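Just so it is clear, A, B, C, D and E label the chains in written order, and each chain counts residues from 1 on its own.
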Amino acid sequence: MGKVTAEGQLEAINYEGFQLTKLDTVIGVARANSLWPLPFATSCCGIEYMASMAPNYDIARFGMERMSFSPRQADLLIIAGTISKKLAPVLRQAYEQMAEPKWVMAVGACASSGGIFDTYSVLQGVDRIIPVDVYVPGCAPRPEQIIDGIMNIQALAKHESLRRRYSAEYKHLLDNYNIEHDIDGE
Amino acid sequence: MESKLTNEQVLEALRAQFANAIGEEEQTIDNYLTVYVDPKSVHEMVKWLFIHDGFRVRFLTNITGVHYPDNEKGKELMVVYHLHSLENNFRIRLKAFLPIDKPEIDSIEDIYSAANWIERETYDFFGIVFKNHPNLKRILNEDSMDYFPMRKEYRVEDGTRQDKDDRFFGR
Amino acid sequence: MNNKESVLSKALSDETMDGQIATLNLGPTHPATHGIFQNVLKVDGEKVLSSEQTVGYIHRAFEKMAERKSYQQITPLTDRLNYCSSPINNIGWQMTVEKLCGIEIPKRVQYLRVIIMELARISDHLVCNSVIGVDSGALTGFTWMFIERERIYDMYEQICGTRLTTNIGRIGGFERDINEKFHTLLKDFIDGFEKRFNEFNALLDRNRIFMDRTIGVGKISAERALNYGFVGPNLRAVGVDYDVRVHSPYSSYQDFEFDIPVGTEGDTYDRFQVRQEEIRQSLRIIKQAYQNLPTEGGYHADAPMFYLPRKENVYNTIEGMIYHFKQVYGEMPYPVGEVYHSVEGGNGELGYYLISDGGRSPYRLQFRRPCFIYYQAYPEMISGQMLSDAVVTLSSLNVIAGELDA
Amino acid sequence: MESLSNRKKVVSNKKMTFIESLYIPVIAAGMGLTFKHMFQKAATYRSPEQKREFSPYYRGMHVLKRDEEGRENCTACGLCAVACPAEAITMVASERKPGEEHLYREEKYASIYEINMLRCIFCGLCEEACPKEAIFLTDRLVPSNFERQSFVYGKDKLVEDMNNRIDITKRQHTGKRGKR
Amino acid sequence: MDTGIIIEKSILIVILFAVSLGAAAYLTLLERKVAAWMQNRIGPDRAGKWGLLQPLADGGKLFFKEDFIPTNADRFLFIIGPGLSMGFALMSSVVIPWGPDIYMFGKQIALQVTDINVGILFVMAISSVAVYGIMIGAWASNNKYSLFSAIRASSQMISYELALGVSIITVVMLSGSLSIKDIVESQHGMNWNIWYQPLGFIIYFVCLIAELNRAPFDMAECESELITGHHTEYGAMKMGFYLFAEYTHLFIGSAIVSILYFGGYNFPGMDYFSGNTLAILGVVAFFVKIAFFIFVIMWIRWTLPRFRYDQLMDLGWKRLIPLSLVNLMITAIVIAATSGWFSGNTTNENSTSTAQIESVEGSSSQTTNLNK
């Protein structure tokens, strides 16, 4: 049901015009305020992510407290913590299972770059396997920094065209990462 | 809490039981009874300590390997066992040298269930083979790894780091 | 790529149903695992028949790295072992090195360390117990207790400057003295914590739903627990009162009055209750240590070889300068030898086995990681129980991925 | 097993009283508690609008200090890079040329000084290692960003701006040193 | 049938539809806010003032999210599952009397779409088929977690339906009618069933929470074990439908419990009003009661841990059903005694009078004692 309507809408507004930009903005704002996260919390940063959910920081204010442990429902993949080479395929699978539109936030040094763990078992940054939208530095980042990252993601979501997933750049990006996509519309 | 046993007491009993298998005692900074033993009798010794009524050494603290690449041949690898008698608050450390070509030692998994993963980890890191272990395969690293990373000749880095700039120090 | 696929198929497929028996993946990313490790459960209906564990998903090669880092640089590494109570790991490591080097620590520093370590223990147990609540469906207590953790974080911040991965203290003491703000925060905490903690306790403690969920769940006998190398609260829950703080006291723990809470059967309820009581005992220790905190003694040992000199000396005296450079480069005369030191970490006996060859970094450093050792008992604990039991048992074991995989 | 320590205290009581076994009284008490909490003040800091107070020793973004006359303190000795466990600091040392005395305090200075903020773990060891009072961690936070390359902070971002000096006097590690 | 009534009912249906959907949407916000307040947080507050636009943002986002059907799923059932859930959730609102009759355009308009004479049976039937939405969707998605959830949901439904039904029977016995309108009318003023049936109310309420799949009985979507249970594989608006259905159920369920035990739109002192004032006040009173029950259910959710699957069954079969049967027996005996069955005076039967109710009141305290 959702599919038909969404696609139909897209078809209907498939010309550049006033309507499109208006709808883009509205939906962008809606998405930005309802980013349901999939917390891929592996280690220390996961605890700081919990702290940012906890009362003192409360990312629920951004409409983000509904966690989606199922990738199908998530909009934002929050990678908090070390990603080892052993875990990399799992992370990639989780990313591929997420439905468009999706964003990725790498929280903390380990996820973003490997941090101090320049070792044989640690992936030197998750951007080796999946595209990352926002990096949050720190080890572990304070909740303030995580919130800062979230606001950056919101900014991305707000200004992203509805049709990002049909754009050539996006396909090119996914191709770079060897991620399969059937986004030409089956 | 004071220990109810002294190092000498236990060492004496061990020597009486395993005359040939017990090597020299080592004085360590932490003052734990540290003896070098014959790898073949480690299993027997651990078992004897376990069932001995006076000592009751029934807690396995740790097993670990150490790699000494510069040692004489046949003694490149070392396995260290830390055992603990909770009742007597007494700790004992057993050390056994193994040759790097054929590092084999009996598993003590049948005495301590805890040894299962610790031995797997030691195998994973050093390639020390624990005979009679029910499931001796890599635990922390990927199964496809083809070397034993904790041996001294391997680097910790895998060289995939790209953002390091050695302009100044040449680390 | 090939190996990746094999892992992938192992980790994520298994979508087979064989007659009555199904396999169910608990992990690697599952809301119940709180960290990354995998349990493949064989289930008959809701009943768990057996389980197969895979760990190592965040293996970071700590021990290999430690062979490359100088002694000071290892402190940040230990932070990331059990990240719920990093100060205990930090201080435990520093005490190991002090034991190696034979450094005498003033009473005041020891007491300060006790305060910090007990705060860390409280914060560790708070996470574990509130997470048992979350996994059994009661989220509210978790959020209340995170406010308390923030108070503890604030105190860490006053000493070391950060919240979670603290890198607190130095070999020989602390990097700076406690300040006024810390005193106020600690006093507030001591005064108010118990009341707020009791509220959390009242939510779960005698609630029949919670008791039904946890009593008799994930049981293990004392004998098996010892055989599996259980330590800490999980061992005490089976009724064995082994506590490193009492058996081989470090940092003046012999000066303080406290009880060792034990359970009876080693089920999830026992583990919960033991941790709850340990939080109270920790608070008791903090009160004693804070009341009797010596005024004399400074915040570090007099060990110019191993403790960085004050900046004035670095700037103005030549030996200060030399010591400073040598220490940063790690060229101090570290004794040759080996030492095993253990502290009572959040999850029990956290041991450091250090072999030094006199060089800049340890020749071999091994961490006895309690989680890693006792987590292997998990399949035995849950076989024959319900799926929901598997989840609460897992959270009551407090398996911290960083400590598990090192 | 007998007691190992004589400090044993059994804490777990699994026997339910009649009242407890009725579910409702304890549940009602718990609900009373949650209801009470509804009227307590929220503990939330509305970050980013509302700033939380940091400790004076907070280990955030680094600064390369200048002295009172605006000269850079750093002498490119490299101790910070050695002390860094993450190997995130890179620098290139240069000789001070005549006429640059107003820019650099010592004869040597770092012509390039980069910190990779994504690698940095903010452990503060560089600050401790610095013998020249040059690098400090501050209570500013490194902002998040979209590109990985943008996290390599060079001197343009690290060196303190004289018009907008950063106060580090509260950090105990600042000592006093002689005039030069 | 004249067209007037069709128009009248159609308008009513549209209003009801809008109200239910709106309520469901804003209940999601309320739930998040209630949780936040209890947890000393603020909750959503950045989408509009106090987060009032949050449901719209969620809806908009879900609507434009990529829709996805897993390759192994049964496509038809996968699509129909959420629809069924949603449809059934909305259906029971038609028999609920939302307020006293209102006078408009010179007509007396009932604030009820239809007054079926077996209305309460209709409600029960609908609420028990509602589980099919969950079951079908969960089965179709071909995911083991979902399947577990389906099994849990359906067996939970079966176990709690019985006690639920039996406790409704006692209410029906008190009012002497299966029509919901009659049940409400029989509780005029403060003459609410709760005074006569406290135990029945507790049983009913517990079962209702179980039927609604709410904590502490949220076995079907218990997050810590089954990720999100039946909608693990659902994304976009399909999952939105499930969420909507859940909250619509919550809304309707609270309406029914206030009808059965708290007098629906009756409120104390209603005799002083009449006509449209009465109607409006009645509607307000009804909605206040609904809001109260919604709040209580949320309050329970954010306080309690959840049951385990087998304990849930135990509670259903071994505690609640016997308890509700005992309650039924006692109520039956008391009604029979007061209406003179045992004295042979059966002619007095047709008066469901205050005298009878008073004596039931007398016995209700005894009833509770017996069952403790």
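Basically, a contact is a pair of C-beta atoms (placed from the backbone, for glycine too) under 8 Å apart; a residue touches a chain by one contact, two chains touch by 3 or more.
Remember, predicted model here, so these are calculated numbers, not experimental data.
Think of each touching pair as a link: the shortest run of links from subunit A to subunit C has 1 of them. If you take subunit C and subunit E together, the chains in touch with both are A, D. Centrality annotation: C (chain centre taken as mean Cα position, compared with the mean over all protein Cα atoms). Just to note, of A-B and C-D, the chains joined by more C-beta pairs in contact are C-D. Taking each chain's centre as the average of its CA atoms, subunit A and subunit E sit 38 Å apart.
Chain centres here are Cα means. That of subunit B falls 24 Å from that of subunit C.
If you average the CA atoms of subunit B and of subunit D, the two centres end up 39 Å from each other. Taking the mean of the C-alpha atoms as each chain's centre, subunit A and subunit D sit 27 Å apart. Chain contacts: subunit C has residues 7, 30-31, 56, 59, 61, 64-65, 76-77, 140, 143-144, 147, 150, 165, 203, 207, 209, 240, 242, 246-247, 405 touching two or more partner chains.
The residues of subunit A that reach two or more other chains are 55-56, 58, 61, 69, 86, 113-114, 116, 118-121, 139, 142, listed in rising order. Counting partners per residue, subunit E has 35-36, 38-42, 223, 227, 302-304 as the residues that reach two or more other chains. All chain pairs that count as touching, in label order, are A-B, A-C, A-D, A-E, B-C, B-D, C-D, C-E, D-E. Listing the residues of subunit A that touch subunit B in their complex gives 85-86, 113-114, 118-121, 124, 128. Across the complex, subunit A is touched by residues 42-48, 52, 85-87, 116-123, 141-148, 151 of subunit D. In the complex of the two chains, the subunit A residues touching subunit C come out as 40-44, 46-48, 50-51, 54-56, 67, 69, 81-84, 86-90, 93-94, 116-117, 119-122, 139-140, 142. Residues of subunit A touching subunit E in their complex: 1-3, 5-7, 9, 26-27, 29-34, 55, 58, 60-63, 65-66, 68-70, 72-73, 75, 99-101, 162, 165. In the complex of the two chains, the subunit B residues touching subunit D come out as 1, 86-87, 89, 163-169, 171.
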